[in-house]
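Shown next, in structure tokens, is the structure this report addresses.
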Amino acid sequence: MASIELRNVRKSFGMVDVIKGVDLEVRKGEFMVFVGPSGCGKSTLLRLISGLEDITSGDMLFDGKLVNALAPSKRGIAMVFQSYALYPHMTVYENMAFGLTLEKGHAKEEIRQRVEKAADMLQIRQYLDRLPKQLSGGQRQRVAIGRAITRDPKVFLFDEPLSNLDAALRVATRIEIAKLHEEMNQVTMIYVTHDQVEAMTLADRICVLRDGLVEQVGTPMELYERPDSIFVAGFIGSPKMNFIAGDKAEKYGCATLGIRGEHMDIKNDGLWEGTVIHTENLGADSYVYLDMGQEEPVVVRLDGAVTYQSGTVLKVSPQDERIHRFDAAGKPIR
Amino acid sequence: MTTETLASSTRVAAPKVKSELMQQRIRAARLFLIPMLVALAVVAGWPLLRSIYFSFTDASLSNLEAAQWVGFGNYLRWTVMESGAVRYRGLLVDPAWWNAVWNTVRFAFISVAFEAVLGMVVALVLNAEFKGRGIVRAAILIPWAIPTIVSARMWSWMLNDQFGILNDLGMRLGLLSQKVAWTATADTAMTAVLIVDIWKTTPFMALLILAGLQMIPKDIYEAAEIDGVHPVKQFFKITLPLVRPALMVAIIFRLLDALRIFDLIYVLTPNSSATKTMSVMARENLFDFDKFAYGSAMSTMLFTIIAVLTIVYIWLGQVRFDGGDR
Amino acid sequence: MTLNKMLVAMLTSVTLVAGAAQAAELSIVSGDTGNGLEFLRGQLDKFEASTGHKVTIVPMPSSTTDQFGQYKLWLAAGNTDIDVYQTDVIWAPQLADQFLDLTDAAKDVVGQHFPSIIESQTVNGKLVALPAFTDAPALYYRKDLLEKYGKSVPKTWTELTATAKEVMDAERAAGNAEMWGFVFQGNAYEGLTCDALEWVKSYGGGQIVEADGSISINNPQAAKAIDLAASWIGTISPQGNLAYMEEESRGVWQLGNAVFHRNWPYAYSLGNGADSPIAGKFDVAPLPAGEGPDARSAATLGGWNVAVSKYSPDPEAAIQLALYLSSAEVQKERALNQSNLPTIQSLYDDADIAAKQPIIPSWKEIFQNAVPRPSAPTQVKYNEVSSLFWSAVHATLSGNGTAAQNLEGLEADLTDLKGSAW
Amino acid sequence: MGATFNLWKLIKWTLFYILVTFIVVVSVFPFYYAILTSFKSGTALFQINYWPTSFSLDNYFNVLNSGSFPRNLLNSIFVASVTVILALFLAITASFALARVRFRGRGLLLLTILGVSMFPQMAVLAGLFEVIRALGIYNTPWALIFSYTIFTLPFTVWVLTTFMRDLPVEIEEAAIVDGATPWVIITRVFMPLMWPALVTTGLLAFIGAWNEFLFALTFTANNDTRTVPVAIALLSGSTQYEIPWGNIMAASVIVTVPLVILVLIFQRKIVSGLTAGGVKG
């Protein structure tokens, strides 16, 4: 239950600047996702917020109060790590209770109740006496989340919590986290991932980071529909947005023309012509890869199962209202 | 990302305010290091400095306070004789000392080389799955667990020319044509010392190598097996390169030990010039002869030589002790 | 006898008075062994009973090198925990600075001891230690074998060489393949200095460094003596003799595998032990003489002494203890129990000793031929001198150069070491 | 085909077991011979036997009844145990600082510590003696415990530092978020994870302290404060030059057996301790 404000926050490791001046506000109770390619500084930013890492310059405020130097345990945060980071020698119960036992003024009974309550929320009550090594990966991650819940934090930090899980578990746990957010709607959550699907499905707002700078902040739909840069446009959405340069772009008065695969139609009088390289048939929809003389093949998304023979020449047209135009600097022309 | 530490860098652009966490950690680190550093300074640093200091004086053990500064006199001094010839004296031109240096270095390299090879063999055996491995593993550790002073005496007993069991065994098996006085003659004294040292420390080497071997993932061998790589080739192409880091570290620890060798030789062949090492000679001068300063100079040189050899080894072998900078 | 008794009585009465004054706690270090320690304890009990002082024994390793290094370090650091040291005969000059001068305390008793021994413990007019017992080696020979082959006890080293060879060959031919002619202490250590000094001296080759400090070792007689010894190795003495110390040589001897053996008195009673194969089959004689102008039989002087640390918190009591341990009373007990040779001349005529330890009076002859090692003239450098000497001899015995060559090198080394003065 | 294959396999196994037997025999034989000797006495000592010919525990009774040997055994146990506890305590805290906190001069510090482990004992003996006298702990077990840190501490610090460096960072961060201080992290989070390393280094330090001779001889001046290796060196025959091989071998067996048992108990841990941390290249 806290708002977080970052003012021109910078972080460098030795000679390397990792965060190069970030201004950001995370609202109370909001689910904020940091997303970006590896090395963009998203994990570092999360660790700066947690207090595990010192900020080199700038200010960080929790509820308007400066916390630059405050120890992590005093910030009212809880953190879930990619590798779960459970204490291997403690039982699930001890793992979850550890933080509370270290804080003064919690009676044993109170601790027990809080642990059990958290365990119930995550349906891990039957595992309380087990050691982490006796649990599966998904169970371990739930214990890690349970440990965070037990602390009753104001801010919940997730550092790529799903990347060690297999695909099916990832989806299930993702839903679990979404549910958690609904139940604990007073708690601010910050979630780091490199997977834009997680970002799109979980976030109230997404913060796209690139090279230590904030590229764009907004709701998933804002980012999808009105990307502030060619980078965001390419990062958000699957399949990736097609970028078309050259003559075809010039006709639309821009350096680069962006169009998503789902916003293109195959028509006999299509504007552009391309040769089918490959078709991916997913059942519900199909991706057709076309060679249009661009650097990368252009992907067209079609509903239903459609198959084209490789080498077939197709004509396609972009839906004009869905076109994104970018100048030479990669900024949108609106 | 996960390998980045908590600690912030202090080299460039230190934060205006150190965070509580960092302060706490730095404070704790200081608190944790001080007792150890104090202990090491008192127990090692100060005595070593004294030794170095005495090596530049004419100190005598019976009267340390009266020690007079003589500069490098113990290391090298010269007198110009009436004939005009210059006569050099001191440790750096003392043939007995260089003989001891040569003995030590020779001993260290030969013993460590044998220990590395034999240790590798033993480690490979122990790394194999077979019945009774636990017992074998415990058995090979016995030589290492026996106090040096005891094993030295045990071996001097076994190496005895008349009632030593080794000569008896050698004769019975037809390996020796006559009883050998192992520790007596210059030719065999070094061999005897080497045998005992190799016997005693190979287990330690084997253990360190075994630890390295066990870190090699099994599937690498399975893959090699499927590719039909010959076992000998497997050893040279897979095992050796992968175990190399562990081996290098094991070798350096042993080398440091071997260069300081004292007790074994002191008990087995204390006065034989064929086996006299730097440590033994330093002791002789420090305590037996009235040459405390000269002995201190030897100790200092011994320390210097070990340090130089270690640095050269680390540099040549590119041994990385701290697993990179973190 | 009566004089001794009177003295003991006097001493005891004096000590009783002192003991009544204040009881001190004393420590004595001793590198002595088993029976020796037991004996010492017994004597100390008597001392405690008569003086009221309490004495603890701090045993030390029996290796004299270990003891010496340790004592030197302790004394250098002004160790107050040890009051009385048992010292080897050669240590006096090297440790003199840290021991109390006993001249005054012992002025009434010094006259009883052999003057040569008192002299060996006197450094620059300071009496550093009081003798407890003395030691001198002898030639052990197998009287049964000599009788069997009709040989007499050799009087010279050449004779010994010949006899040893003959008996050894004959015994080997008779099936005793392990038989050797002569075993001695040939390892490179202080013991070899003793053995070699005997050879050199018996050939009239001096005593390495003479009393006036001149280096005498490089002479033809000395070379001759050592060359002869070198010829033994591999012929009448096993190759392994080069690594023998007292015990190893005794091992060979006591298994009945040697005709002759050079050792200290201790080997006598052990050789006659219950399970000894040679019990009753051997006897002792003075070591053979050399050949040449000053040829004589020579035995290296050994023996132990007691000295008082100048850091002792209670020097008076400590001196009292030292006096007691060197007294005729204790020396007699020592002779009776330990067959240690007394340093008090009159005890050699003592009837009890003659009855119980018949070899002791006969050892007087050996002892009178005793040669001191050059520890007095070489002062603090004795250990190094000895080390250089035994190295040179060991090299010769091992076949690395002739005696003449090695002694020439030794002379140069010793001259270097001596510098302007010892 | 099958037959030749089996034959080849049989030969391989036979050769392998011959090698194993050879290794075991070479390792154990001297110790076996020591035990054999410890049952002999008198002139029998000088006769060579490969199998037990006599069985007499006299030497053991002699040793255990000789003055202060049992006392020395207790001293050794005390000195070695306290040395281990102290070294582990100092090393575990120090290695936390060295492995987990980045500060200026850390690399230099690590090298210095390695440097200390290459000090020749001879070079520091005299100086150490002065220090011990100055501290007033001469001739007490503390003198030994104190001086043994010179070889136990650098080694333990090194091994524990490498080991601790390999512990997952996230576990420590989780503890920090949970509000654990460095001390709590060490004692309640890291120590339970480091048992193999602690056992290994502890055992190595124990063996080092147990077997040490030079310092033990120099820094004690009393039968009641001495340790076993010194006591063995002090075992003496009834006369000056007589070496009591039987007693020495009996004492050696007594001294070595506890270590062999320790090694037997912990041998699995020793290897895994070294695997996990000791020798990361």
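Order of writing sets the chain letters: A, B, C and D. Residues in each chain are counted from 1.
FYI, a contact is a pair of C-beta atoms (placed from the backbone, for glycine too) under 8 Å apart; a residue touches a chain by one contact, two chains touch by 3 or more.
Computed from a predicted model, the values in this text were never measured in an experiment.
Q: Using the contact definition stated above, find the chains touching both chain A and chain B.
A: D
Q: Taking each chain's centre as the mean of its C-alpha atoms, give the chain farthest from chain D.
A: Chain centre farthest from chain D's centre: A.
Q: Applying the document's contact definition, name the chain pair with more C-beta pairs in contact, A-D or B-C.
A: By the number of C-beta pairs in contact, the winner is B-C.
Q: What is the distance, in whole Å, between the centres of chain A and chain D, each centre taken as the mean of its C-alpha atoms?
A: A distance of 53 Å separates the two centres.
Q: Just curious, how far off is chain D from chain C if you go by their C-alpha centres, in Å?
A: Each chain reduced to its C-alpha mean, chain C and chain D end up 39 Å apart.
Q: So the centre of each chain is just the mean of its C-alpha atoms; given that, what is the distance between chain B and chain D in Å?
A: Computed from C-alpha means, the inter-chain centre distance equals 16 Å.
Q: Would you pick out the residues of chain D that each touch at least 2 other chains?
A: 46, 125-126, 130, 168, 170, 173, 176, 233
Q: Touching two or more other chains, which residues of chain C qualify?
A: Those would be 70, 73, 76, 251, 255.
Q: Got the chain A residues that touch at least 2 other chains?
A: Residues 52, 72, 82-83 of chain A touch two or more partner chains.
Q: Can you list every touching chain pair?
A: A-B, A-D, B-C, B-D, C-D
Q: Using the touch rule from the top, collect the residues of chain C that touch chain B in their complex.
A: On the chain C side, the touching residues are 65, 68-70, 72-73, 75-76, 94-95, 97-98, 178, 186-189, 238-244, 248, 251-252, 255, 257, 380-381, 383-384, 387, 390-391, 394, 398, 400.
Q: Could you pull out which chain A residues touch chain B in their complex?
A: Going through chain A, the ones touching chain B are 12-15, 38, 43-44, 47, 51-57, 68-72, 74, 82-83.
Q: Provide the residue numbers of chain D that touch chain A in the complex, in ascending order.
A: 168, 170-171, 173-180, 184, 189, 192-193
Q: Could you please specify the touching residues of chain D with respect to chain C in the complex?
A: Answer in residue numbers: 42-44, 46, 67, 125-126, 129-130, 133, 138-139, 217-218, 221-223, 230, 233-234, 236-244.
Q: Within the complex, which stretch of chain B touches chain A?
A: Within the complex, chain B touches chain A at residues 1-2, 4, 6, 8-9, 11-13, 15-24.
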